[in-house]
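Structure first, commentary second.
As written, the chain order gives the labels A, B, C and D, with residue 1 at the start of each chain.
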Amino acid sequence: MTLEGEIVEIGPDRIRVRGVDIEELIEGWSYPEVFWFLLTGRRLSSRERRMLEAILVAMCDHGPTPPSTQAARLVASTGSPMHAALAAGLLGFGDHHAGAIELAMRVLQEAVRSAELGRDELKGTAERLVEDFLDRGERVPGFGHRYHRRDPRPPALVRLAERLSMVGPHLRLALEMEEVLLSRKGIRMNIDGASGAILSDMGLSWRVGRGVFALGRMSGLIAEVMVEISCYKPFRKFHEIKAS
Amino acid sequence: MTLEGEIVEIGPDRIRVRGVDIEELIEGWSYPEVFWFLLTGRRLSSRERRMLEAILVAMCDHGPTPPSTQAARLVASTGSPMHAALAAGLLGFGDHHAGAIELAMRVLQEAVRSAELGRDELKGTAERLVEDFLDRGERVPGFGHRYHRRDPRPPALVRLAERLSMVGPHLRLALEMEEVLLSRKGIRMNIDGASGAILSDMGLSWRVGRGVFALGRMSGLIAEVMVEISCYKPFRKFHEIKAS
Amino acid sequence: MTLEGEIVEIGPDRIRVRGVDIEELIEGWSYPEVFWFLLTGRRLSSRERRMLEAILVAMCDHGPTPPSTQAARLVASTGSPMHAALAAGLLGFGDHHAGAIELAMRVLQEAVRSAELGRDELKGTAERLVEDFLDRGERVPGFGHRYHRRDPRPPALVRLAERLSMVGPHLRLALEMEEVLLSRKGIRMNIDGASGAILSDMGLSWRVGRGVFALGRMSGLIAEVMVEISCYKPFRKFHEIKAS
Amino acid sequence: MTLEGEIVEIGPDRIRVRGVDIEELIEGWSYPEVFWFLLTGRRLSSRERRMLEAILVAMCDHGPTPPSTQAARLVASTGSPMHAALAAGLLGFGDHHAGAIELAMRVLQEAVRSAELGRDELKGTAERLVEDFLDRGERVPGFGHRYHRRDPRPPALVRLAERLSMVGPHLRLALEMEEVLLSRKGIRMNIDGASGAILSDMGLSWRVGRGVFALGRMSGLIAEVMVEISCYKPFRKFHEIKAS
């Protein structure tokens, strides 16, 4: 992804996005497609468009369980306006939460870049990567979930990638890692791992991973804030923070 | 729009969005469609889907001119992480900026609700509404732009609404108001007016207007933050705040 | 409070705060004193300084119960940096939470401004004000607390105001209102009411009330975020959001 | 600094801060003193209290030049409420801005911890530290300022530390580093270096540095937001972001 200088040109009565008039985008482009174009200057193929759409949908919401959503609803509950609540939600996208997609993408991208990764090498690399994390007593980014043993989203994304013939080296590596982790620890791929691998195969830098998640989760944050405002009394006691 | 209680059900290995399994959404729905479904529980028709897509695209970015984008880039420039920069951008969606779409929608929705609004009445209502604002020395929400005399986005959205046969009473009223304002003050509809009118015709409460804008602008905020990080030195002097 | 134009002059090797060199402030002023000076251009008397200090101390923390503190700790728990967690805390200062101090101040300031408020009139005004809120089924801003029946902070502030001979018309009115509310509903003054009344007697506009609270609670937000980071595992499950 | 578990106990009608009733704090403690007590559980001596006060005052404001203040004022200008504007300001406390105090404190604390640091060794350590940064082409954290060659704040703080006999190993090391940097590059200590060194001598962990700055700058952010709201038209054009 190269971003050379400003990407949107604003003149009187004119808005050009990476050289294309906004009217043209409005008339025929999908929103995720424009997002990718803004980021990279590249127009997605129709298969890629379908894939990106599915990734954003997979990220859309996880009910009131994520800390980011809880922060957003707490803030909305105090009477702060919608946009302040959404901002509080985004602030919860730290390294242990939404940031995990960037860690997962980085691991995959560095491994793929450093090797030819033929079928055989793939397995070895996957084993080495998993072992490195386990040896350090760390969680492997992109795998495991607090609530699910079999998160339904990663298989749905992987199936779609297969159907669209979009399984590239990053996803292949992630699938091998899953096999290793599953046999050793009973842990499966999560949404960060699946979407991060596919986005990497689509050429996106790991540095924008959190941005993709921000876009994908924004729909859910908005809806969850509306639930809080519409269905609950303001300033309610959500909970007592537990001491352990 | 009725939101009764929680909208997403999280069980072990299961995510149901308003009663639909997430796998089903991943496999066949578009992202804007899921957004609308999260908000309202209603699945859009294909014409409506096209329209919503166009509205989100129209909102995608306005270069580095909006205060929200400037706040996001300033924050990114200090070395704060992407999600903090995006949050700062959202915080700039105050009543004078992104909030204007809610004001515009509210004006239109209250006027449409209170009248039968046949063709004749429409013109009278438009005149009365515009006059009320002008008499109070206020700007009419949904009309006028700091940078453009003829913002290219509203006509593109209106053309699409016409082509899709989606011109309802709110957009008709907004177009009449534009005629009044154009002849009196040379002021045209802006993106808040056009998208707010169409969203109102699609049945969206004005209370979620800022949310739609947040989703539509998120793509641009992410891309603009990447521009700042990739192309400029950190902690650069953006400008001196002018004293007037 | 008049704020005419910029308040801090930055020259090469020079920082002047409302006309006073920063070196002079550093050498002899207290921090709350400088805060007031920045806001109003007026230097507090030593009695007032003592009073402001006590108000800020009273606001310092309320453990992990306020939604603002919960939002801050949730965000810290995701691995977001300290300043993002503090920002999320501030975002929880909505109208139903920290904003209540502004509502309380506004009610008092408008009542005091509109009347001579001799001893007799005071009682009548207090009764009328309380009744107005109760008739509308609303809570009286500045009175009542979710956790305390007798919040220990207001009496401590009132005692200090008495000792310093700083009981003015706003505090007198608030005390009368408390008497009315106590006999009718068993409800006492809260921290918003006590500090808002005293700040009003000190001449502060209600528009800055939330700012004073932001400064006073900042110490607690910082400490609570440190507790979260130092004593708990990251990304822990705080709680399930209750459905009612 | 040890933080073992929760620090504030909330019971019905009772608030205890690290074991001390809030009434007691209200009656006799200064606000910065309570801040330190919340953070560390230690009550400052009167000399230390004076020093902390001066550090917070030194941090109070830098007019409209810092990106954090600009972000806060931009957000206020859009009509977002005060607390959202303050939050946006805090979000600008990234590693290149307010975060620099933590970097400065960390460098000093690690150097002091690793050596006996007698007078002689001090000079050698200072030279080595400065050289390490210069060799890597990096700025030395705690030194140099975008606007000032001789920032007036560090000397004022150092003079006070000397007068209070509070010059410890961290400040001594920082002063030696300044001598090295001044002779080689003409660069002097900045506010991060001076306050970070003194706070380190007072025993504060570098991990809370940004928190101290957040408290110190909060007064200025509030006042600057009031300036923006009171003296300027909403949604004004601050500037064009420069392309270089």
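Here, contacts are C-beta pairs under 8 Å (C-beta built on N, C-alpha and C of every residue); 3 or more make two chains touch, one makes a residue touch a chain.
Bear in mind the structure is a predicted one, so any value in this text is a computation, not a measurement.
Asks: When you check each chain against chain A and chain B, which touch both of them?
Replies: C, D
Asks: Using C-alpha centroids, which chain lies at the maximum separation from chain B?
Replies: D
Asks: List the centre-to-centre spacing of chain C and chain D in whole Å, with centres computed as mean CA coordinates.
Replies: Between these chains, centre-to-centre, one finds 24 Å.
Asks: What's the distance between the Cα centroids of chain B and chain C, rounded to whole Å?
Replies: Chain centres of chain B and chain C, defined by C-alpha means, are spaced 35 Å apart.
Asks: For chain A versus chain C, what separation do you get between their C-alpha means, in angstrom?
Replies: 40
Asks: Considering chain D alone, which of its residues make contact with at least two other chains?
Replies: As it turns out, chain D has residues touching two or more other chains at 5-6, 64-65, 80-81, 83-84, 87-88, 91, 93-94, 98-99.
Asks: Residue numbers of chain D touching chain B in their complex, please.
Replies: Checking each residue of chain D against chain B gives 64-65, 67-68, 70-71, 73-81, 84-85, 87-88, 91-99, 146, 234-235, 237-242.
Asks: In their shared complex, at which residues does chain B touch chain A?
Replies: 1, 3-10, 12-15, 17, 21-23, 25-27, 29-32, 34-35, 38-39, 53-54, 56-58, 60-65, 81-84, 86-88, 90-91, 93-94, 98-99, 147-153, 155-157, 159-160, 207-208, 210-211, 214-216, 218-220, 222-227, 229-231
Asks: Would you tell me which residues of chain C are touching chain B in their complex?
Replies: 5-6, 80-81, 83-84, 87, 243
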